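Starting off with a structure, shown below.
Letters are used for the chains, namely A, B, C, D, E and F, taken in the order the chains are written, and counting of residues starts over at 1 for each.
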Amino acid sequence: MTAISRFPVPELKDLPEDVRARILAVQEKSGFVPNVFLALAHRAPEFRAFFAYHDALMEKEGGLTKAEREMIVVATSGANDCQYCVVAHGAILRIRAKNPLIADQVAINYRKADITPRQRAMLDFAMKVALESHAVAEADFAALAAEGFLREDVWDIAAIAAFFAMSNRLANVSSMRPNDEFYLMGRLPK
Amino acid sequence: MTAISRFPVPELKDLPEDVRARILAVQEKSGFVPNVFLALAHRAPEFRAFFAYHDALMEKEGGLTKAEREMIVVATSGANDCQYCVVAHGAILRIRAKNPLIADQVAINYRKADITPRQRAMLDFAMKVALESHAVAEADFAALAAEGFLREDVWDIAAIAAFFAMSNRLANVSSMRPNDEFYLMGRLPK
Amino acid sequence: MTAISRFPVPELKDLPEDVRARILAVQEKSGFVPNVFLALAHRAPEFRAFFAYHDALMEKEGGLTKAEREMIVVATSGANDCQYCVVAHGAILRIRAKNPLIADQVAINYRKADITPRQRAMLDFAMKVALESHAVAEADFAALAAEGFLREDVWDIAAIAAFFAMSNRLANVSSMRPNDEFYLMGRLPK
Amino acid sequence: MTAISRFPVPELKDLPEDVRARILAVQEKSGFVPNVFLALAHRAPEFRAFFAYHDALMEKEGGLTKAEREMIVVATSGANDCQYCVVAHGAILRIRAKNPLIADQVAINYRKADITPRQRAMLDFAMKVALESHAVAEADFAALAAEGFLREDVWDIAAIAAFFAMSNRLANVSSMRPNDEFYLMGRLPK
Amino acid sequence: MTAISRFPVPELKDLPEDVRARILAVQEKSGFVPNVFLALAHRAPEFRAFFAYHDALMEKEGGLTKAEREMIVVATSGANDCQYCVVAHGAILRIRAKNPLIADQVAINYRKADITPRQRAMLDFAMKVALESHAVAEADFAALAAEGFLREDVWDIAAIAAFFAMSNRLANVSSMRPNDEFYLMGRLPK
Amino acid sequence: MTAISRFPVPELKDLPEDVRARILAVQEKSGFVPNVFLALAHRAPEFRAFFAYHDALMEKEGGLTKAEREMIVVATSGANDCQYCVVAHGAILRIRAKNPLIADQVAINYRKADITPRQRAMLDFAMKVALESHAVAEADFAALAAEGFLREDVWDIAAIAAFFAMSNRLANVSSMRPNDEFYLMGRLPK
């Protein structure tokens, strides 16, 4: 079996109770344990902070739909050549958007994806945060406001792009392997 | 007074108890509240996750000294043109390394800083994680092993570089302003 | 219906006999007409030269398997953010390699794909041809020879990468849309 | 004598009749055989497709003058550091434009060449196709329309830039040597 | 003691009279000899031309204040990762601007520095000269004119950025070490 | 007549005596006044320093031949897209090397020029100084030493590349026009 990480992967039985519980809950819901949970588990305090942060950004209410948040993840992870995040979040995006084509489109070149002008503006900004955040300027905020985004929405876009800047780097360094299950998820009609 | 963020900055009295307590503790210790605490406070769940993650990486025991961890922060934040992180963590680096010159050297061009070959290898790797993590390869791990780094140390280097990839982007987008106090900290003999 | 090109798309009945015959043959074999045939058809002489060149490179005998040639297409098209070529040739790669995961892996980051060291060397070279051909040097030829590639194989790798440098640009400029059928091809067990 | 290619160069007598005829015709017209004909000849099917494509783009009627088409070749080949194409097509450009200075100007920095605003717009677009085709957008088409280019002209510009994206890569990888004759052609008054 | 250059550093007594006089004058004024004077001294003709050029640009009258000229030096030297120039001219900038924060701000990310819109336009242009001078265009001149810069001021900005493009490269190649004194200069209230 | 600079060009009669004398001497020798002399003349102190520096580097004795120094100019000016310097110094290079092909070869892609391995190492280093001087390291010095370059020769290479980093920027910003005479110089057998 191919390794899922360049770093040690603990066994479930050796994990702290809360970490194990979180993993079992995901397994219950998804039918398998996404490898990111296993690859990060050997550092319990980091694991806890990572998923607390993730959930605070991806599960909260707000002006962005859950599918739109996944678009941000997929577009910026594509720009960072992150295999784990493109494949795993591509699956989630297909499911949340109920669209079997959207993830590949956004990952390869979001400029040609079947998205709305508002989503295009959102991804233009997310990519700037991912690739040249030092140059973000008032004009970028104005462009988002023109598409109806509230300032809190802008924070969401930026924070998601920033969080996955971290996440992509962790996955790239550890050579985290996407579970085979992700590749096909959301591609077939229910 | 110049704004410390493009986003809302709450008043201390309006914050959840644990967030306020954390901020007051920092103020007690440092004599002022670093702006990152105020700028992130309007999103309490993200604030909690951010600092839990930060502490898990920067305060833990391990093969890297605290000064070395700050070197990673300063070098990669310099590469990302992040004013807040270079200035604030530059101050911390000067203090932890007891060296008034090291932070400017590392921020501008770590290749010419007064560091050991081991630290040079550490920063070469951290910069690769920051700037082209998709290309990290076994040869990079071998170079670190040759300098005596354990695999857990490598995780630390990578995770710190990754965490500040996020942090730099948050600070750049919010135009987070470093406190004036940081600029002089650690520059004068005690 | 979404446009398949920014340029005029002729109707089959208006095409020269040989162009129409080629298109009908593809339709017969694949069950649909890949949009590249329609998008290039409004310039019959270019259409003929394009597919003659394509077939000379992709259908010939030689030291590279057909799956390997498609790997070159998918990896370099990913680097050029070409939606049409990644999606369409990704499908062909999955089929030729009889591997439902390989195309996404190669498109996102071939360094982490489930490929042999020989294929890794092949893709390293193809990417150099795609991205910085001016710097190709004798050392690159030596690296390929060390993996057992003959000089004629090297030509094949280079010529395929070069041909799709052209093809990616044509698809990007025309905003050529991949057929929906490609996305799922080769992902399900037969 | 310096090699004209890293790959085998066949002798004329060993070539298929049509390939040899094409080469002899060029020799008749130019007084020498440009090395690209010899360097590509060892693969007859690719040779045929390459020159059929070349002629379809460079010899056809249309909204671009022949000199303008050569400008596209020289500018984009300069950007790709392609010695063969800059030298050989620089010669052709000088002749077609009846201007001994224009080729060097366009190759080094077309922004400062003695060209019309319409030609400047044409080269701006050609360079975008050469260097970042994934970002070509409707605004680029509008800029060309504003200078009077028809949609078919835009295809011509894009297709020429794309064809030489391929051609530059073939010449760079094979280290194709420009014939000495090209350097002086078109520089002296007739 | 750490070397101040990779190249030979002559002793004062071995220098031509005018070179030694210049160095002693600086020492008299500053209290120490900035290392650039020693590092360049082993080539007296180049030393003379370098400082004649420097003084012609930095000491002359004109539309830019001396602090503004130093801003150009610090911003462009930051972009070139030049340790000597950022540290030494950062000190001079702090003193000339009577602002202990400005040098670090400008070096790390001038877009977020406490400067006027006019100074922002000046630095935008200086950075373009430093990083992509081939693309400087009439629109850049118009943007400067809109902020009230005269054409002679524009020359000053460009010439300072160009001179330090040279200076940064000399310092980087020679690994010129900034004097320890510079780090603290201008940071404390008088 | 096309302007030779975006900035004022003084008349000879209005220039200081030494500046005029220098210009007349060049005219005497070359048969025409290279535009760089006129374009820089409106700032006499900078003119004097510029040419004093130029002569100190280009006319001195040393381990590099005059032709080799011009190779450095042409290669780095090509990398900076500097029309004036490539055309004017290309002419000088052809004359000094007595080789009508060398300048175009070096300007477009020095890796494929007809030069010695020693000259190749020299240009590799010059290009690193021009394009990423912050990364120059001991290994670069070792590579030059291996080709027989003395440390003083290395200074010459670096200083010439650095001086033309300045010169290219001045020419690019001022849109300095190369004299028509340069284009043909050194291309015909004497």
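Basically, a contact is a pair of C-beta atoms (placed from the backbone, for glycine too) under 8 Å apart; a residue touches a chain by one contact, two chains touch by 3 or more.
Note that the coordinates shown come from a computational prediction; the quantities given were computed from them, not determined experimentally.
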Labels of chains that are neighbours to subunit B and to subunit F: C, E
Intersection of contact partners for subunit A and subunit C: B, D
Least step count from subunit A to subunit E, where 1 means the two chains touch: 1
Most distant chain from subunit D, judged by the mean position of its C-alpha atoms: B
Pair sharing more residue contacts (C-beta pairs) when B-E is set against A-D: B-E
Chain whose Cα centroid lies at the greatest distance from that of subunit F: A
Gap in Å, rounded to a whole number, between the CA centres of subunit F and subunit D: 29
Computed distance of Cα centres, subunit F from subunit C, in Å: 44
Gap in Å, rounded to a whole number, between the CA centres of subunit B and subunit A: 23
Set of subunit F residues in contact with two or more other chains: 81-82, 109, 134, 172
Chain contact graph, described as a line, ring, star, complete graph or other shape: other
Pairs of chains found to touch, sorted by chain label: A-B, A-C, A-D, A-E, B-C, B-E, B-F, C-D, C-F, D-E, D-F, E-F
Contacting residues of subunit E [partner subunit D, same complex]: 134-135, 137
Of all residues in subunit D, those that touch subunit E in their complex: 109, 111
Of subunit D, residues touching subunit F in the complex: 2, 78, 81-83, 86-87, 100-101, 104-105, 107-109, 112, 114, 172, 175, 177, 180, 183-184, 187-188
List of subunit E residues in touch with subunit F within their complex: 6-8, 43, 45-46, 48-50, 52-53, 56-57, 60, 80-82, 129-130, 133-134, 136, 141, 151, 155, 158-159, 161-163, 165-170, 172-174
